[in-house]
Structures are given as structure tokens and as C-alpha cells.
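As written, the chains take the letters A, B, C and D, and residue 1 is the first residue of each chain.
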């Protein structure tokens, strides 16, 4: 299978998952004061923005990675499907965080779920990256070695950072979600691929 | 990253956001008289049509803008992601307006939320436009200067008009939503790109 | 704007609307006997199949029509957006029919809503077709006149048939929905474009 | 109609159906303990993964099949639309299985619904495959006969295996769902197309 098909299908899943995030923001009921209910929804808006940016950056990275890939095989398809399974799952922990982050007794479980989702996603990124760049039958000969190294460093940072953010959730759930937001903003401004234009 | 990828991903988000709008129209319960319940849903149909046309026009404008763009960079990706974040958010204020526009005490907050969403979206349009046309490394040499000026005027009108519509919401929420509908219809018939075929 | 963009965006809306139909089939509650509750859901399955086939055929017709179109302009964009507004709306009347078709007192309103949706959609098809084939600046010179005439006949049949189906809903709602299903099956087997391979 | 259009539309339906699966995982209510409620959701995660992999493999097979097809006709369009109707339906039985698999009295009906959905889908695959490879006006001359035979064997296995899994549901619903999961994992690792790179 050529990589273009895999990329088009992956694009579709990224675009749909990112757009389904809005469904987690519940419309207030008729009994409440609407303006205060809308302001009270801030965790929903925040979780929406964090998940939106995180998926958006993953989409950018996905294209970046596949620029270096000349062919796909069984392992790559399998790992990519695993990655998409995680991406398409993101709306669920996003809803859980939005619903429970202000609930003192439950916020920890919500933030851990959110962090575990991103950490498992980072594991699939590592596998995808590793299986793509370590095999000459997959890696394009035209891949720019300098760019590869830069991305390599970027990808390896992801897993420990998300794992650390998940560990923080055990102590302070809100700090943990703020860290995931900061990671997203950091990647927007600093991701390696930004260097090439 | 070539602009084609960015456009395909953006197209996906526009198409999904516009189609998710229908989910805000709630099916009446079994206890009600269906025909009167369906007629009573008019704010849902109206909000659906206004948001549908507004997103549809944004999609047309997005393509129009990217015809003049030869390359993307970090800033453009970031601003475009911000714009898509707003577009994908539209189904939420649409639902809120549909639910609360007839509720005398709550309609104002609903219409302000709707207007603020469109106004923030217009800010991202301005940024996208400004960062696209002011830099020679982004703007295509083949861009038609006359068309550019026409679109430029069209874009700069958007922000004050949406801000004014939001201000109107403080006095008359229904008038405000009617204004947003009128803007959409106006752009359908009069948008600059209509001049070229 | 080239027609390819308009087609890609339209494809997206068709594909999403057709896939959102499944969300109308409600999962039974824990209190009911699942097997009888699932069987009791037959109007949902039937409405799902009818709407799925109808949107699927519209998608086929849309491509067929745009094979004859060499350029788009303001009118065509506007009418196409109106058509997509109707297509994206279909999941709502589908849900209403599935929910109310067995409710003696309410089935009529549900079937009329369903029929009116398809009838208004047929009006937009007529406009789209008329504005496409009557203007030399839009119609491709390579359009096959024989195929055009065959499609022309097919399209003109749509509006009166859907209007008649809607009228039938006033007397027998179930007969009306059965007619819409029969129209879909008829078009699958007999549509003009089937003649070319 | 060229096959590229049919493939793009089918891709869209596959990508949307696979991403809608996440909507079946319900967010726990405020009254429950979140961590135990999240763990208690395991059937939802399992059903999500099984349906995700199954649809993902179908998408891979769909492309594999259309590599051998040079043209489409009426029968192929009809059978493909029937296949997509089944694929887009999958989120519903997935929700039902997730909701009822632990309910001793209702699990059987849920697993049978799940199995029947996959079995009917397999019937459409057989029809699609049969009508594609048996007719010289549809099958490409460049189709690799060895690859064709390998896929042929793969496809013919699908129907009896899914039918058997459905029969197992009558005795042990959980074993049945586990079988559907095992089939998906088996196809990921062993599908014929994996042999070519």
C-alpha cells in the first residue's frame, strides 16, 4: 500500500477526532442562570483547547514523519492503527476531565486517565518512529539526516514528559492538565519541523 | 509543509463542523404534540441555517486566501490551528442560542456567546490574512493585486461587523442573531471572490 | 474556484451526514428485555436504511452532475451550499421518523417533516441542475448531450415524486416512508448514470 | 464513474465510522466514584478496540480490493453502498455490547446483534469480491493472479468465521466477543496483503 492512502485515512481520523471534541461541552439546562453556567464551564473550554492543540500537533508530526517514509508494511500499518486508536479515543478522557476536574474527590482519577491516554499515545509514536527510521526498506533515501535527528530528539522528549505529567496528576490534577496544555503550546512554538519552511 | 496538506486538513474540519450542527436539533419527547413541538423548534432551524452559512462562507474564504499562499510556516500553522479551533467550536454556541433565544432572562448571554465566538474567529482571520499577505516568503508572486485588495476590504469589514452584532446582543438578542444571519446572506451574494469565475 | 474543491467539500458533507445517521438509533435502557427492545427498534433500522440509500444516491448524482461542469460561480456555490444544508439536515427528520412512526397520533407530522426535507432538497437539485446546464460558461463543452438528457429526465422526476410522497404522508405516514424507500431502491437500480460504465 | 471517487467516499465513511465509536463510551455520572466507574467501563474499552480494529482492517481490505478494479458499474456501486451501510452501522451494536455484555440476562442478544452485523458485512464483502473478480470489464488486466488467490482465500474465510462467532454468542456471549477481537488481531498480523510491501 502506498503511504498516500495511509496518510489520507489518518488525516480523516485526526480531523474527525479534533472536531468531535466540541460534543463534550454540554449545553446548560433551562433551570440555571445561563451566564454563570457558561462561565462555570471553563474546564470544558480549557480541556477542549488542550486536546485540540495536542491532536493538531500530532497531525502536523504525522505528516512530518511520513515525509521520510517511502513505503508501508505490516508493522507500520499496525502501529499506525494503534496510534489512531489512541487519537480517536481522546474525546473521552477530555470529557471526563472537563466533567470532574473541579470535583475534589474525583479530579485525580480524571487527570490520570487523561495523562495515561497521552502517555500510551506517545508509546505508539515511539514505535512508529522507531520502526520507520530504523529500516532501510521503509525510510526514504532522500530523508534529511539533520532534520531526522532534530525530530528524533523531539519525539523522545514526548514520552517522559507525558509520563511525568501523569505522575503530577497524583498530587495535583489541575497542575497536571496545565502541564499538558503547556506541552501543547511549547510544541506549537518549538517543534523541530518549524525550522524548515 | 506544503499548503495542500494544511488545506486538506482544514477542509476536513470545516466539513465536519458544518455537518455536526444538525446534532444540536433535539428530537421532541413522546409526551408532546409532535407538530407543535417541531414548529416550536424554529430557533434551532434558524441557528442551524445561520451557522451553516457562516461556516460555509468561511470555507470558501479559506480557499480563496490559500490561493495566494505559496508556503506555510510556524506562524501560519499556529494561526490556522487557532482559526480551526474557533470553527470547530461553533456547534456549541449554536446549540446554546437555539436552546435559550426564546428565554427572556437568558437570551442575552446566549447571543453574546454566539457573537463573541464569531468575533474571536474574525480576529484569527485578520491574523491569518495579515501574516499571509505581508510576507514575501509566504505570499505567492502570482497573487493578483486587485483581487488581494478586494478581499482585504472584505476581511477588514468582518471584525467590526461581528463586534457590532455582539454589542447589539446586549440590547436585543434576537436582533443580534438576525444580524449574523444577514451577514452570512450578504457574504453569499457579495463576497469579493464572486467577481472572478 | 475550480470545481474540484467544491466537490471535495461536498463529498465530505455527504460522507459525514450519511455516517451520522447511526447516532439516531438509541441504545435500549437497562430495564427492558434487550432482544425485544432491539426488535422493537425496526423503524430506526428502516429509517436508517432509507436515509442512507437516499443520501448515497444523491452523492452519486452530485458527481454525475459535476462531470458536466467546467467552472463554478456565485450562483452555483450558493445553490450547492443550500443543497448541502438540506443533506446535512437529513439525520434530524430521520430521527423523528424513527421515534414517532409507530405513534398513531404523531406519525403524520413525522412523515411530513421527512417528506418536506426531501422535497426541499429536490428543489435545490433542480436549481443546481438548471443553473449548471443552461449556461455555456458553466457547462463543459465535452458534456455528452444524450447523457445530459437522460439525467435531465431523472432529475425532473425527483421533485413531483417526493412531493407526492409527502402528500401521501397526510393519509398514511407508513406508506409515505415506504415510498421514499422504494424511490431510493428504484434509483439504485435504474438511475441514468448506470448506463455508462 | 472512476473508482477514485468511490474510494474517496468510502474512505470518508470508514474514517468517520471508526472515529464515532468513541461516542459510545459514556462519561460516568457525578454520584459514582470516578476511578471505579472508569475501571467498570472495561467492556466499553474492549468493544471500542475490537470494532476499531475490525473497521480498520476492512478499510485496508477495501483498498486492496480496489487495486484490482479498473472500473465501476451499477452492481459494484450498489454492493459497495450496502457494505458502507453495514460499516457505518457498527457503532450501534458496539454500544449495545458495551452496555449489556455484563448483564447476564441480556448479553446474549447483544453479542448476537454484534455478530449478525459482522456476518452481514461479510456477505457484502463476498458479493463485492465476487462481482469484482469474476467480470473482465471490472477486473484490471494488471491484477496479480497470485495475490488475487491469496486474498480470495482470506475473504472466503471471513464469512464462516463470523457466522461461527455469532453461533458461539448463543452459548457464551463473552467468548463470542473475544473471538471477534481475536479475528481482528489475526487479520492485522496475517492478512494476505501483508505479504507484499
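Note that contacts are C-beta pairs under 8 Å (C-beta built on N, C-alpha and C of every residue); 3 or more make two chains touch, one makes a residue touch a chain.
Being a predicted model, the structure only gives us computed values, none of them experimental.
*Asks:* Give me the fewest steps it takes to get from chain A to chain C if each step has to go to a chain it touches.
*Replies:* The fewest touching-chain steps linking chain A to chain C number 2.
*Asks:* Taking CA centroids for every chain, report which one is farthest away from chain C.
*Replies:* So the farthest one, by centre of C-alpha atoms, is A.
*Asks:* Same or different, please, for the chain B to chain C contact, judged on whether over half of the interface numbers appear on both copies.
*Replies:* The interface is built from different residue numbers on each side, given that under half of them are used by both copies.
*Asks:* I'd like the angle of the rotation relating chain A and chain D after CA superposition, in degrees, nearest 5.
*Replies:* In degrees, rounded to 5: 90.
*Asks:* For chain C versus chain D, what separation do you get between their C-alpha means, in angstrom?
*Replies:* Spacing between the chain centres: roughly 26 Å.
*Asks:* Quick one: report the Å distance separating chain B from chain D, using the average Cα coordinate of each chain.
*Replies:* The separation of the two C-alpha centroids amounts to 36 Å.
*Asks:* Counting only residues that touch at least two other chains, what does the list for chain B look like?
*Replies:* Correct list: 12, 16, 20, 23.
*Asks:* For this assembly, give the contact graph shape among line, ring, star, complete and other.
*Replies:* Looks like a ring, each chain touching just two neighbours.
*Asks:* Which of the chains touch, listed as pairs?
*Replies:* A-B, A-D, B-C, C-D
*Asks:* Mind listing the chain C positions that touch chain D in their complex?
*Replies:* By the definition above, chain C touches chain D via 11-12, 14-16, 18-23, 25, 27-28, 30, 33-35, 38, 48-49, 52-53, 56, 59-60, 63-64, 188-189, 193-194, 197.
*Asks:* Any idea which chain C residues touch chain B in the complex?
*Replies:* Counting only chain C, the residues touching chain B are 1, 5, 8-9, 12-13, 16-17, 20, 23-24, 71-74, 77-78, 81, 84-85, 88-92, 95-96, 99-100, 103, 105-106, 108-110, 113, 137.
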